[in-house]
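Letters A, B, C and D name the chains as they come in the text, with residue numbers starting at 1 for each one.
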Amino acid sequence: MSQINLVQSLNRSIDQLMAQDERIVVMGEDVGRDGGVFRVTDNLLNKYGDERVIDTPLNELAIIGMATGMAMYGLKPIAEIQFQDYIFPAFDQIVNNVAKMRYRTGGRFTVPLVIRTPYGGGVKGGLYHSQSGESYFVHTAGLTVVTPSNPYDARGLLVSAYKKNDPVIFLEPKRLYRAVKTEVPDELFEVEIGKAARLKEGDDVSIITYGSMVPTVMNAVEKNGVNAEVTDLRTLLPMDVSAIIQTAKKTGRVVIVHEAPKTLGVGAEISALIAERAIDSLLAPIVRVTGYDTPFPYSHEELYLPDEKRIMSAVNRVLAY
Amino acid sequence: MSQINLVQSLNRSIDQLMAQDERIVVMGEDVGRDGGVFRVTDNLLNKYGDERVIDTPLNELAIIGMATGMAMYGLKPIAEIQFQDYIFPAFDQIVNNVAKMRYRTGGRFTVPLVIRTPYGGGVKGGLYHSQSGESYFVHTAGLTVVTPSNPYDARGLLVSAYKKNDPVIFLEPKRLYRAVKTEVPDELFEVEIGKAARLKEGDDVSIITYGSMVPTVMNAVEKNGVNAEVTDLRTLLPMDVSAIIQTAKKTGRVVIVHEAPKTLGVGAEISALIAERAIDSLLAPIVRVTGYDTPFPYSHEELYLPDEKRIMSAVNRVLAY
Amino acid sequence: MTLVGNLSDDQAILAYKNAVRARTLDLKIISAQRQGIIGFHVPSEGQEMIQIAIGMLADKEDLIFTYYRDLALYLQRGVPISLIFDQMLGNSNDLQKGRQMPDHFSFKEFNFSTVQSPVGAHLPLTVGAAYAMRYNKRKGIVITTFGDGATSTSDFHAALNMASVYNLSVLFVCENNGWAISIPTSKQTRADIYKKGAAYGIPGKRVDGNDLISSLAGLQEAFDYVRSGKGPYLVEASTYRIGPHSTSDDPKKYRVDEITDGSEKDPIRRLENLLLTMGVIDSGFVQSTRAQAKEEIDKTLEERMSITPSNPSTIFDDVYENSSWIQEEERRDSNVAD
Amino acid sequence: MTLVGNLSDDQAILAYKNAVRARTLDLKIISAQRQGIIGFHVPSEGQEMIQIAIGMLADKEDLIFTYYRDLALYLQRGVPISLIFDQMLGNSNDLQKGRQMPDHFSFKEFNFSTVQSPVGAHLPLTVGAAYAMRYNKRKGIVITTFGDGATSTSDFHAALNMASVYNLSVLFVCENNGWAISIPTSKQTRADIYKKGAAYGIPGKRVDGNDLISSLAGLQEAFDYVRSGKGPYLVEASTYRIGPHSTSDDPKKYRVDEITDGSEKDPIRRLENLLLTMGVIDSGFVQSTRAQAKEEIDKTLEERMSITPSNPSTIFDDVYENSSWIQEEERRDSNVAD
């Protein structure tokens, strides 16, 4: 066991996997000498050399396109997109090649590729260093989308993502990179993809959240002594529908919290799943507490991001309903 | 009045607007001499010359990026993306420049740009000529997203899109391009953006749909004598929330029909809006009848697309609930 | 292998035969399309010879990323016409389970990769494949084909830069047929395509893609360069699109100014004339080659048409290695399930 | 205007003064960033002279699309330092209402366009702007700056091709500072950047961006070419990034092999030495220029810091010309509303 933060936990998983499996290559802008602008790939170049830790030119399409070709022909690339805001130049490759390769070739080609990218606000990064674009990927069949909320899950989910014989979008809540250190095992372990974590049992209200918002939610609930059941989805595609329906049925009151804009944010799908499968159990409206339907502003980002106050106001609203 | 199909109605609106407003330029692959692969821009090159009707090289990023610059500096481009499946190379421009320009410049720059593109299946086009990607745009604040289901709305929505001083994604259901001819006024008119159309009053169930699925829904309802209230959204961002909530409250039973995949399809947002605002009126689960969460297959597309049978099975399910 | 100079009669005859087979196949597919038997087609008519030349020079272990208009290349590399029809019909024998439109092949067993519709999107993949081959110390180079329109795509730029920066063994062959649907090459770019490598430090060369000898000579130089590990190379093959862009296209709308029907550029006619003049073949041979091709192709289509269609339920497979609950639920709720 | 050859003393002195002001401003911002007054900064240190040269040659009606590292260019074109600070502080005087990170300016009144973070994404916009200017018969050309890293982006490829195909008056100026964060230009591309225009039929030229005279001479040729309507032109200005990529960057991680601290390339020192040698200025002038700049900048920052922050409620404005119900509802439900 070691006390490590989220960056260190990712670095450690990648390092250990690379030591075991020569097929793994790490690639992206500044991932080599610089160790990544957030240091997730620190020291890997020294250990594994520049054939396996590849500093790339500034073109995300090129990074993902090249990684796709590698994955089709026997390698296991872990590609970094420096900020999720910069993944869009590669969007065609992701939607039209990566996500559809297995399907269109009848399973003859697969793309075992992990695309890591930091997302979310809270670092004073403005419009282009703060976006939470998970919806764009969750809507895309063929992709698997995960996001950890703590060092343990980060480490385990990365191992599971690597083991999957399909492409995984690995979203890293940059605000939590160095937020806490927790005890994490030194040996490799997995956190199952597709399974949510019940962070807290409770009876009065279900709060469903993930990624960067998890500590904010836990803090709000604990501080205010709410008898809430809190679910951390961890995987956004495919979502853990049983965990969602179970908690919704149990409490009958659901609040969903995420940082991405509300309209067609992941909360919309959670809400729709419940409205389809647990309608009779509902005692109150399903309320979403989310980032706003605006670009992400540089000033006043603290207002943009869901906080304790907004979460509690939603919780109190459904409790009082 | 003339009896015209959807292609003709679009062509006529563009033609008349161009005649009135010199700032309008039409651009895209094959829009000039060829008149567009679906002929929406037929004959415009002859009439307005190649400074205003611009055949472009094969690069969607270039088309949208250049159109954005034009729109910022006084022109009113109507850009065509040949198939919506090919809009993704321009996705970064759309999400990071087009949608955020007004916001990031504090209103100093605007992008009055209409991006027209045919979407949807039913033409035996396989994975890359059939996608319904509206969710990618509806999740993007700063964009306006519309889709007509008939020649009249197509003509009017195009005029409204042109009048908007902001970017509009104009999605054209290619399957309906030549499906019917209807009476359409010869003079220019508008169809208000943000307003849904109530196609049919009814009491037992509300069916909410849009674009390519509208005729399928109307046909199913009429053929089976269902006392359904049918809403054609027409605008997908911002959705007509009052129309949605009103019909949901009226019947208490909601079926949503669209062609895009279910997970985070537009239906998710519709469902979430209702679950947030009309929960007490609901008498049955909100059911979504949609394309599947797979890429769009070449063979068996008739199974992929929602049809009468699937719609009726959902309608009967909520009616029997 | 130094084919040019000592191109044997047998090789030339085989090339000719495959070109005729490809042309015959094209025409057959077009007529099948008109009859509603096949859904769609992008004919290779006019571009056969550069494709044949690539097929002649490529080694078995070389990996080829084609685009959607490379019929003759498949034939020259030995792909049976039956497999081609299976794909175009989307029958239950189709290696891809009917998932893709006609002409979007994936003949992995012949060391071809996979074809997509988005123009140029395979190009960055070729770079990754070449990287993987070198990494795994696999023999062979990567060859890729694409049209003149594709040179405008972002994928082209990305691929050439990456191939150059990592000094990868990729041979880029642009089949410049003069058109991207209705856009003539002159409106696509103001540079010569073979010079576009200059932006990346990649050498280039133009060959007469309608002429087998010129194609082989030019390609040989390019193959040698790439095989020697010097890095990527860009060949521009001038060809001519004799027919429409596709069966959905009406070139009369835009090819109005053309002063030629292209027949004098027809690469098959040119090879035929050369071989006739040199006495390698005679007119009887020409007749029998055409007749044999027609018979083979007619027979094969008839045979493949009798194969059952692909199983509807498979539309839910292969989204992932293991379907998620979403696909399984959708399969259950679908009409397929009845 | 033919500046080189007959560059007047006054012009040279103004250039020198603005370069010193820009450098002083850079250093001030960095220290303000360390104190938490300003959130972030991308310093221009080392790249001032090519920026000044652009500012000297550009006409008022020319439209300039800068990137995030062009402080000296703003100053040379007359943007007041107060406006620069307003943006960097995101105060209520900021023209953009505090929406963007520091260095992402939009000085429309000075005929600058708008800066975004995604590298290269402004380049296709320049082409559209040039098209609109020609269409509207507006005088002037479009000038745009970008880094060496930006030449790898898809936007660069798209922009150069479109500018060439439509023969537009765009002057592309690459400020090659040797690095894209930690990636040296040698790993970015294997071609000379100024030769990249060859892929589009666009002429190019390299200038010593650290030298005012060389920059002016080279740029003059480029300006003349573009102004005469011959089409786009690509200039590569060799510069040197003296400092870190940004205030978030630690160059010690990757600039370990560098044998120089760049000071001998420092463009301001070079101009200073030249002017001193030629007797245009003396050391007293140098001192007073620096002191004046420092005073101006210190005073301005202090003054701008007293301006109220931007109004929180504005975060809901400007998504559209008229907010939709969504933004209005969110504004109502927000903490801002209290």
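Quick notes on this one:
Note that a residue touches a chain if its C-beta (ideal position, glycine included) is under 8 Å from a C-beta of that chain, and two chains touch if they have at least 3 such contacts.
Bear in mind that the values here come from a model prediction, so they are computed numbers and not experimental data.
Using the average of C-alpha coordinates as each chain's centre, D ends up farthest from chain B. Here the CA centre of chain B is 35 Å from the CA centre of chain C. One inter-chain figure worth recording: chain A and chain C are separated by 40 Å, centre to centre, where each centre is the mean of the chain's CA atoms.
If you average the Cα atoms of chain C and of chain D, the two centres end up 46 Å apart. Under the contact definition stated at the top, the residues of chain A that touch 2 or more other chains are 56-57, 59, 61-62, 85, 88-89, 92, 96, 100, 103-104, 127-128, 141-142, 237, 263, 292-295, 297. Listed for chain D are residues 97, 99-100, 104, 116, 118, 152, 154-155, 157-158, 161, 165, 187-189, 319, 326-327, each touching two or more other chains. Chain-to-chain contact here is organised exhaustively, every possible pair of chains being in touch. For chain B in complex with chain C, the residues that touch the partner chain are 29-30, 32-35, 37, 55-59, 61-62, 85-86, 88-89, 124-129, 262-263, 292-295, 297-300, 303-304, 307, 309-310. Of all the residues in chain B, the ones that touch chain D in their complex are 25, 51, 54, 56-57, 59, 61-62, 64-75, 77, 89, 92-93, 96-97, 100-110, 141-142, 144, 164-166, 194, 237-238, 241.
Residues 39-40, 90, 97-101, 104, 116-120, 149-150, 152-155, 180-183, 187-189, 248-249, 253-254, 309-310, 312, 315-316, 319, 326-327, 330, 334-336 of chain D touch chain A in their complex. Chain A meets chain B in the complex at residues 85, 88-89, 91-92, 95-96, 99-100, 103-104, 127-128, 135-136, 138-139, 141-142, 237, 261, 263-269, 271-272, 274-277, 279, 282, 284-288, 292-295, 297. Those residues of chain D whose C-beta lies close enough to touch chain C in the complex are 152, 154, 156-158, 161, 164-165, 187-191, 195-201.
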